[in-house]
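As written, the chain order gives the labels A, B, C and D, with residue 1 at the start of each chain.
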Amino acid sequence: MKIGYFPGCSLHSTGREFNESLRLFAPAIGLELEEIKDWNCCGATSAHATNHLLSIALPARSLALAEEQGMSEVLAPCAACYSRLRTASVELRENPSLQKEVSEVLERPIAATAEVRSISEVLSRMTADIRGAVVQPLAGLKLACYYGCLLVRPPKIASFEDSEMPTSLEGIVSACGAEAVHWDRKLDCCGGGMSLSRTGSVIRLGRSIVSDAQKAGAHAIVVACPMCHSNLDFRQRAMLKGQEGEVVPVLYITQIVGLALGLEPEKLGLRRHFVKTAPFIQRITTVPATAQEA
Amino acid sequence: MSTATAIENKSPASAGRFEPRIAAFVCNWCTYTGADLAGTSRVQMMPNVRMVRLPCTGRIDTAFIIKAFERGADGVIVSGCHPGDCHYSEGNYHARRRFAMFKELMNFMGIDERRVTFSWVSASEGRKWGDVVDETIERVRALGPFDDYKTLLEETP
Amino acid sequence: MSHNENTQGLLSELRQQTGQNAARCYQCGKCSAGCPMAQEMSLRPHDIMRAIASGHEQRLFEGDSIWLCLTCETCTARCPNECDPARVIDFLREKALAKNPKKAPRPIRAFHKAFIRQIRTHGRVYEMGLIADYKLSGGALFQDVSAAPGMMARGKLALMPSTIDGIADVRRIVDACLAKSHGDHGEEA
Amino acid sequence: MSRIGVFVCHCGENIARTVDTAAVAQECGKLPGVIHSVDYKYMCSDPGQLMVKQAIAEHKLTGVVVAACSPHMHEKTFRRATAGAGLNPFLCEMANVREHCSWIHESRTAATEKAIDATRMIVEKVKRNAPLSPIHIPVTRRALVIGGGIAGIQAALDIADGGREVVLVEKEPSIGGHMSQLSETFPTLDCSQCILTPRMVEAFQHPRIKLYTYSEVESVDGYIGNFKVTIRKKARSVDEANCNGCGACQAVCPNKKIPSEFDAGLGKRSAIYVPFPQAVPNIPVIDRERCSYFRAKAKGSTKVVCGKCAEACGKGAVHFDQQDTLVTEDVGAIVVATGYRLYDIGKDQDSELLKGYGEYGYGTVPDVIDGMQFERLASASGPTAGKILRPSDGKEPTSVVFLQCIGSRDPSKGIEYCSKICCMYVAKHTMLYKHKVHHGQATVFYMDIRAAGKGYDEFTRRAIEEDGARYVRGRVSRLYRDGEVIKILGFDTLSGEPIEMDADMVVLATAMRPQAGMAELAQKLSVSYDKHGFINEAHPKLRPVETNTAGVFVAGACQSPRDIPDSVAMASATASKILGLLSNEQLEREPTVARVDESTCSACFHCERVCAYGAVEHKDIRDRSGNLVRVVASVNKGVCQGCGTCLATCPSKSLELDGFTDAQIHAAIMAF
């Protein structure tokens, strides 16, 4: 499957292992990523918290480029980019006068024909391909799939699956042979957008998420958003200060798939995390190969 | 009496301002009763309207309206029950759709659509009936006499 | 507070610009019940809807409540009455910036400003530049500085920003949009 | 040639003050066809009416026009006078020169001119009036009641007690409806079964009530006074005539783990079962989907599997080969009393809109139950013998949380309406809970307390003030299972505090929705229903128990959410309407009905589509040897209400409306 690709800013910096791991295993499942040439930042929270028009116009430029470059679908792995791009596309389609205004600002036509897809949507459409390509089933691993906000909300934008009971990540994880644990905080917000500006709140929110994953016995939290990742990973030490329990590594869904496809943890960027992933990697490799077959 | 002479006879009273002649097609249950209420409440209104009582606006054939114009009306009022209150549950709903189409037909024929008032007057809206009547008369007065039919008749030998 | 305030001003402005009808909110509180920031806000989402509906415009812009919203959309997703508090709050923030930018909490304002400046400069955002810019203009200078070396060590922070080809495009877009809303988060700072 | 008489009334001064009545009479006298024209002080007085009668006789009038007040005032009077003189009453009409003329204008010239015009228009119309006679429809003096809940039972009993036969059709194996499932009832807390069971038995034993249980209405033909109803009696697999209700069959049935519908899934039943011990009739039915015998047969097995019930039955009443049968009944009136069902927060919904409540786990958390399940827990005859025990582990919950307005008042689920009864039954539940679990704490999350009714508000106040129920104003955002307890995330909008609390059990007061299949039933009866599926009444204030189809009535919760007192009141009102209707052997109707010209009808059936009453039928035209030549439209005079909508729609102008024909109206317009 060939699909337009919008990596977004984070995937070149704080979330680079998200990008790297995806690009690494994509060929193995027949996923071809065609990056939008000269894409720009989607504007993230800052644009839409302060200027509605800007929050549509910035993603609209990248979408217009995608259209010009003949793409009918665009994958935006970062949940925040996905949300911004998809919101722009939905609003532009629904509101002709906005479409006109934005097109004037962009100085290029925009029809918003390209469908914006999230990583969970694209990969869950390909679970059969993933299952077929698995060489290292993650049997015995318990994973807490974390959706956060923008992957599933608001329902009008992230309409791909049920906003209160999503299952796509669980489906991907089990295609990899791992067990998805039942936990309660998979839809709670981690405070992503305020990571820098209101750290205290973010730590409070993250703490309840990590504690719940611990309580559910998860060996790792699986995310699909660089903001969620950096919050839960980078700030986990602060979150768990004075708390009991082991740290919980935080992995991108793409890293999980990569591991199941037998790719090297190092190349998948597992070393780049703040919470040590070594014990987790240890678990995979210690599961005897014969047990995996069964 | 030929149609042409009838129009001649019904032409606006010469005394000063133009007095339009208005035909009103109303349903028995809502507007006719509302107009009765206007009477019992002594709501004063202009005398230019001539009323045709029908069971329901659903009964109103658009041919009636054309016929009224042909007969020298300068304006027409069609009025019945409010949507959802039709005595016959849906008659006025069908009527509304029909009149929407009729408006297009009027435009096509070159009849100014402001000559026809579609309104809802319930049995309790005597006052409103007076307003509809007066407003229509004033509007049609401003539009002037309707003589397209006359011209038409003159042109056709 | 006077109860003779005109309730129509903000209510109809909101409606015009976003299609949202704050009078629709029946104050069930479901939004606030699920809001992750409710305990830190002095005006919870349902209070905000109420304040708009009853014309208490001033109250909305007094505290920092509207700036604490994370846009997690929980409120919107669960509202039984098809209201969209998250969108309403966005509208209020935009309006607050246009009215009196100084009222926005400094760190939050500084962050958004720095972020948009990054976009305007490079077309994309580079964390290093963003952090530096934010810390310089935001005040909370030393907080988190310890993170940078760790980030860099993990190869997570690009040192050299590169700029997209269509940067002129992006600048024009940013300027045009900011001009339309008269916000202050553009060039001047 | 017409011979019309015109009678202009002064109404004392009421008309004559503004209208020159003498001039009107004089001008109208000149109209062609008018051979008599007079004015008089009070036309409706005895001498006035006498003038009309004498003129008819003297001048051999063929039509009468009275220019006076509104026809709504005195049309009947003058038509009676006309008939009294031997002329067909429908040849008399009124021109309104009072309400529509003298009372609303000041200028005498203008008013007089208008009065002349108005009278002339009616004269022209009356010239074309045809003698008509009122329509008489014979009446079958029996009624059908669809649905055997409390509303249906009450209606059936009242009609039967009033002396008319009733056919009562219930789709379930027993009558009783939802009320039979309730524990105690607000606002008096009397035992539901205790008041209902005697009524059920009475209905069963009533000599004038014919009961069809486990049956449904298949089709309905005909019109007011003359309905022909086909009823499908579903195969019970038990011979009703032979069975004595001993229960031996149920005792031996090996399939005993089937969730009982009556116990809202909390209890179990066998495959051959009586829904509940007090069922009426007390005759079991085999659930063929669950019975081993039928399952084996459905799979194509030729071996006889099980059959234990038949063996156990001493009366030989179990008949595996019983088939559905169709019976027809003639009735003159129909009552729809099909009641309601509850919104189910499960994930499978019959419309996209109704989906939702993932935040409450879609009903996957076992200790989150609905109001009806709580009723069963609280009921002495229920699965726990009246003990409040939670389903997951049978423990007594010490904290129960009630959530109101679930599904109701929720436009995002497409249900904007308030279900009206849940505020009351939640208050009831908190009381029942407190009476049974003294140390328990009931907490209610509500938006408003809607308790309008005699003793109702007092009742909810008692729950709060005396029985210690904690009422929190706010909706809950989310609930989930956390080990042993259920976590509740709510908000108290009155104190402004977020609330996070644990509960042992949660009860959802879910919305009342119309029964499944209401649209199909409504279409069979050609009655209208709202967008939710509730049956529409003919007029919310003036005709609340009639539908827009003559002869079809409505009672109970199928019209809108309502409680027992309201359902019963409505049922009795319906019964009295029906008794009124059935007190006549014939119905008389105004002859304003549509008529088809069969020679020009092109069978497009536009008329059929616009007729709100289903009055247009298809009629076969056959030649002498009986071959079908063509089909045309035909209006059933018993059903037609005379709105005339079909006429205006007919492209070939093949319809006429008696009393308002095109010719009559065109003549009036041409006299304008």
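Quick note on the criterion: a contact is a pair of C-beta atoms (placed from the backbone, for glycine too) under 8 Å apart; a residue touches a chain by one contact, two chains touch by 3 or more.
As the structure is a prediction and not an experimental result, all values here were calculated from the model.
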**OP:** Pick the chain whose C-alpha centre of mass, unweighted, sits closest to the average of all protein C-alpha coordinates shown.
**Re:** D
Subject >> Inter-centroid spacing, chain D versus chain B (mean Cα positions, whole Å) >> reply: 37
Original post:
Using mean CA coordinates as chain centres, what's the chain A-chain D distance in Å?
Top reply: 53
**OP:** Please compute the C-alpha centroid of chain A, do the same for chain B, then give the distance between them in whole Å.
**Re:** 66
Original post:
chain D: which residues touch two or more other chains?
Top reply: 359
**OP:** Could you list the positions in chain A whose residues touch two or more of the other chains?
**Re:** 163-164
**OP:** Note the residues in chain C that touch 2 or more other chains, in rising order.
**Re:** 74
Original post:
What chain pairs are in touch here?
Top reply: A-C, A-D, B-D, C-D
**OP:** Could you please specify the touching residues of chain D with respect to chain B in the complex?
**Re:** 70-72, 96, 98-101, 103-107, 110-111, 113-114, 117-118, 121, 528, 538, 548, 592, 610, 612-613, 641-645, 647-649, 657, 660, 662, 665-666, 668-670, 672
Subject >> For the chain C and chain A complex, residues of the former touching the latter >> reply: 17, 36-37, 40, 68, 70-74, 76-77, 84, 86, 90-91, 93-94, 97, 105, 107-108, 110-113, 115-116, 118-119, 123-128, 131, 134, 138, 143-144, 147, 150-151, 154-158, 164-166, 169-170, 172-174, 176-178, 180-181, 183, 185
**OP:** Quick one: which bits of chain D touch chain A in the complex? Just the residue numbers, please.
**Re:** 356-359, 361-362, 480, 482, 487
Original post:
For the complex, which residues does chain A have touching chain C?
Top reply: 9, 12-14, 16, 38-41, 43-54, 57-58, 61, 105-107, 148-150, 153-155, 163-164, 187-189, 191-194, 196-199, 201, 205, 234, 271-274
**OP:** Using the touch definition up top, name the residues of chain B that touch chain D in the complex.
**Re:** 21, 23, 32-33, 35-36, 38-40, 42-47, 50-56, 58-62, 64, 67-68, 71-73, 87-91, 94-95, 98, 130
